[in-house]
Structures are given as structure tokens and as C-alpha cells.
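Across the two complexes that follow, chain A remains constant while its partner is chain B and subsequently chain C.
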Partner chain A sequence: MSIENILGIAGSALDAQSERISIIAQNMANASSVQSPDGGPYQRRIPVFESTTVGDDSDQASGVTLAAVLRDQSPPKQTYDPSNPLADARGMVQEPTVNPVFEMVDLMEASRAYQANLSVVETAKNTAMRTIDILK
Partner chain B sequence: MSTTISPQGLPDLASIKPQPAAGPQGGGFGSVLENVNGILQQADQLAAGYAQGKVGLTDAVLASDQADTAFQLVIGVRNRALAAYQEIANLQV
Partner chain C sequence: MQAALEVRSVRSELLAENVANADTPGYLSRDLHFDDALSSVLEGAQPNAQGLSDSEAVAQNVRADGNNEDVNQQLAKVSENALKYAATLKLYSDSTGRLKTASSGS
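The block that comes next holds the complex of A and B.
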């Protein structure tokens, strides 16, 4: 297991976590989008991570990748607003199930995970540099 | 006419021929330098690719970090070699 492998693994995690943050940004931005291209309100997106091989196959190093982005299948939130042009016959407007508090907690978790993987990169770099310092 | 007297266990000095220095193609420090140069250029390309929006930030930064590590190693080896040479050159005869 070499330095390049550590950088490859931690780098894949950095990529995955930043993808996750961008999905959270998308959810937050669409927290009140009552319409979407697929019809109906915006459906909350859920990232799915998957362990994957990084670098040379012989090393069998496992990094992480974003395998899929799923949609929250729970029924949309119903709000009574008869004056809204999008309201149905009962005066209900369908809104996304995005909960901003939920998304903020997820954002904090993703940000901390990103920082943790940055620490791994930093440690790998420092150990390599200190090994090279033996020459001095 | 002089003859070389070889002490027991030591090689006959007259039989030692100077070895041709290893060129950049023949392995050795030259090829290492070329490798590191390749890594540095790759890191530069990734940085340019990031500026053009083709490469991710982490890829560019990690390649640059790896290139820096390789370069520091080469500098360390070069300093070691130079120090050894100077020690020999400064020997009092």
C-alpha cells in the first residue's frame, strides 16, 4: 500500500462527499419547488455510495464512488391553499418532502466527512515528507 | 618495468576499468529525473484542466501534491549525491 494508493482512496472519498454536498444543495434549493420537469413537486434526492476499486487492480484498494442518486418516494406534503393556481379540487397544493433541518444535519455530516478525508491526505503527505527528510 | 602487487583479498587495481556513465536511456538518475518531470507535467496539465473546468478540484490538487512529493525526493537524492561528491573532492591527499 503506497502513498499514491492513499491519495487515490482519500481522493475518491473527497469526490464522493463533494457530490453529496451538491445533492444537498439541490435539495435545499428545491425545498419549495412545487413543479418539476417530471411533473408534480420536486422529489428529494438521496445519494447512494458504493465501495469501488481504485488504481491498479492488483492492489485491491477500495475507494468510494457515488453509485446512484435515488428519489424520495414518500408522498408529497399537502398544504391547504385554495387561492394557489396549482391547488387541486380540494384546495390542496402538493409540496416537496424536503425538510431543511434534515438537510442541514446531512450537510454538516458531509462537510465533516470531507474534512476527515482531507486529514487523511494531509497525514499521508506528512509521513511521505518526513520519510524523505531522512535523506537530509 | 613495474608490476602491480595485489594484496591478498583486494582486487588488482590495474584490472579496474572505468565504467561508462549511465545515460538517460540506461536507467539511473537520468531516467528518474525524466519520470519526475513527467509527473510534474501531468500535474500542470491537470491544473490547467481544472481551470478549463475539465478536471475535478481534488484530482488536480492531489496530482500536484504527489508531484511535489516526488520532486522533494529527487532533490533529497541529488543533495545526498552532491554531498558525497564534495566529501571525496575535499579529501586531503
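The block that comes next holds the complex of A and C.
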């Protein structure tokens, strides 16, 4: 029974999806951050998933990992607010490109994916328990 | 029967990979042909390697990110596979149970 492999695969996906949820939380929290440590408004973070081997080297089981976190390079949103000290000569303030609706949809997708992997863990666990039970 | 259990467990691993990689760009889901995998296990071939080379990447409904996953379909397969594993296991444990009864001689 390759229960360890299944748990490793599904576990890697649980890890990746929860990291994705934390990136979404970061994006949502910074939806109105007009300043960031790198200068300029906050840039939306985009998680990139990649298949990866889990377990022994000889094993070909492929889990998933968060390979990179990219930054949204699209130009920042411009809002007219001349009273803002950060406004430029034309009175425009640069704001992040975070769209809360997109983020919410992404959040739902991530949480569904998390649940799907959790149910795989559950199934694998039950199967393993039944296998152990034949020793009775 | 052990071979059938072996194939079921290799398949459950493949299906777990499919669910895990549901959001990985460029990943194509994999599966086993039960008959082919079973006969290769019966011939004594490495079930894992054989199973993986036997599995086919079904290029259907590939999304824009190069992934053809349907999580619901995969989850249904996971349940189906677990159920059939349990059925095979039941047959196996019943047959060993009969052996036990016979050897106890009463």
C-alpha cells in the first residue's frame, strides 16, 4: 500500500493551496496600499504552481509545490485625489491593481482545491485502515 | 487478488497526483488501464514503473493553462477506486478466513 506516497502527494497540495490562500489574504489586505517598501503602490502577488517529486528519489510520485510568487506588472490604477500628499503633479494617486472580486473567486477555488485534497487523504486513510483490519 | 490490490493502490496514487496537480499549469491527468496494468503485474513486471508507462495522458478539454483537469471527475474516480479496493479486499479476507476455518479443523 502506497499510503505514505498518497499522503505525501495530497499533503504537498494542502501546503501549496494554503500558501496560495495566504497570498490571497496578503493581496486583499493590501488592496489599498499606495506605498510599499519597494516604492510605488503594492503590486499584486501571483502564485505559480509546479509539479514536483515527493518521497524517495526512486519514486516517481509527483506532488505540487509553490514554485514562484510573481508580481503583477500591469500599470497601477490611477485615481484622482489632489489632496493626497502622494499625488503627482496632475493630482493622480497610483493605487494597486488588486481587484477584490478576483481575489474572492480565487480564494473560493483555492479552498475547494484544499477540500478536494483533504478528501483524498480521508479516502487513503480509510483504505489503509481497512487493509490493516484484515489482520484481525 | 494481490495483483488486483496492487493495481488499485498504484491507481489511487496516480489519482492523488491528479487531484494535487489540479491547478498546475501544463499538467495532464494520468490514469491506468486496469486490465493492462493487472496483466503486467501478473507477469511480474514492476507494477509502479509499468503502471506509469502504461498510463495515458488523455488530451481532452485542455484549458488555456495547458491543464485538462476536472477535479470532480478525479474525485469520483478516487471514490470508485477505493470502493473497488475495499471489495477486492473483502474477497481476499473472506478467502483467508475460509483457510483459517479449514486449518482449525473444527
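Going forward, the second predicted complex is superposed on the first by the 135 of 136 C-alpha atoms of A that agree within 3 Å, B and C clash if a C-alpha of one lies under 4 Å from a C-alpha of the other, contacts with A are read in each partner's own complex, and residues count from 1 in each chain.
Simple rule for what comes next: a contact is a pair of C-beta atoms (placed from the backbone, for glycine too) under 8 Å apart; a residue touches a chain by one contact, two chains touch by 3 or more.
Treat the numbers as computed from the prediction; the structure is a model and nothing was measured.
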Joint occupancy of chain A by chain B and chain C, clash or fit:
fit
Partner chain in contact with A:15 - chain B first, chain C second, else both or neither
first
Report, please, how wide the angle is at the C-alpha centre of chain A between chain B and chain C, in steps of 10 degrees.
40
Per the contact definition in the header, classify A:125: touching chain B only (first), chain C only (second), both, or neither.
first
Just checking: does A:113 make contact with chain B only, chain C only, both, or neither of them? Give me first, second, both or neither.
second
So which one touches more of the residues on chain A, chain B or chain C?
C
In the superposed arrangement, does A:2 touch chain B (first), chain C (second), both or neither?
second
If we overlay the two complexes on their shared chain A, which of chain B and chain C does A:89 touch? Say first, second, both or neither.
neither
Figure out whether A:50 sits in contact with chain B (first) or chain C (second), or with both, or with neither.
second
Please state the minimum Cα-Cα separation between chain B and chain C in the superposed model, rounded to the nearest whole Å.
9
Chain A contact set shared between chain B and chain C covers 10
Write out the stretch or stretches of chain C touching chain A in their complex.
9-10, 12-13, 15-17, 19-25, 27, 48-49, 52, 71, 74-75, 78-79, 82, 85-86, 89, 92-93, 96
The answer for chain A against chain B in the complex is residues 3-4, 7-8, 10-11, 14-15, 18, 121, 125, 128-129, 132-133, 135-136
So, in the complex, the side of chain A touching chain C is made of residues 1-2, 5-6, 9-10, 12-13, 17, 48-51, 59-64, 109, 112-113, 116-117, 119-120, 123-124, 126-127, 130-131, 134
Could you please specify the touching residues of chain B with respect to chain A in the complex?
56-59, 62, 65-66, 69, 72-73, 76-77, 79-80
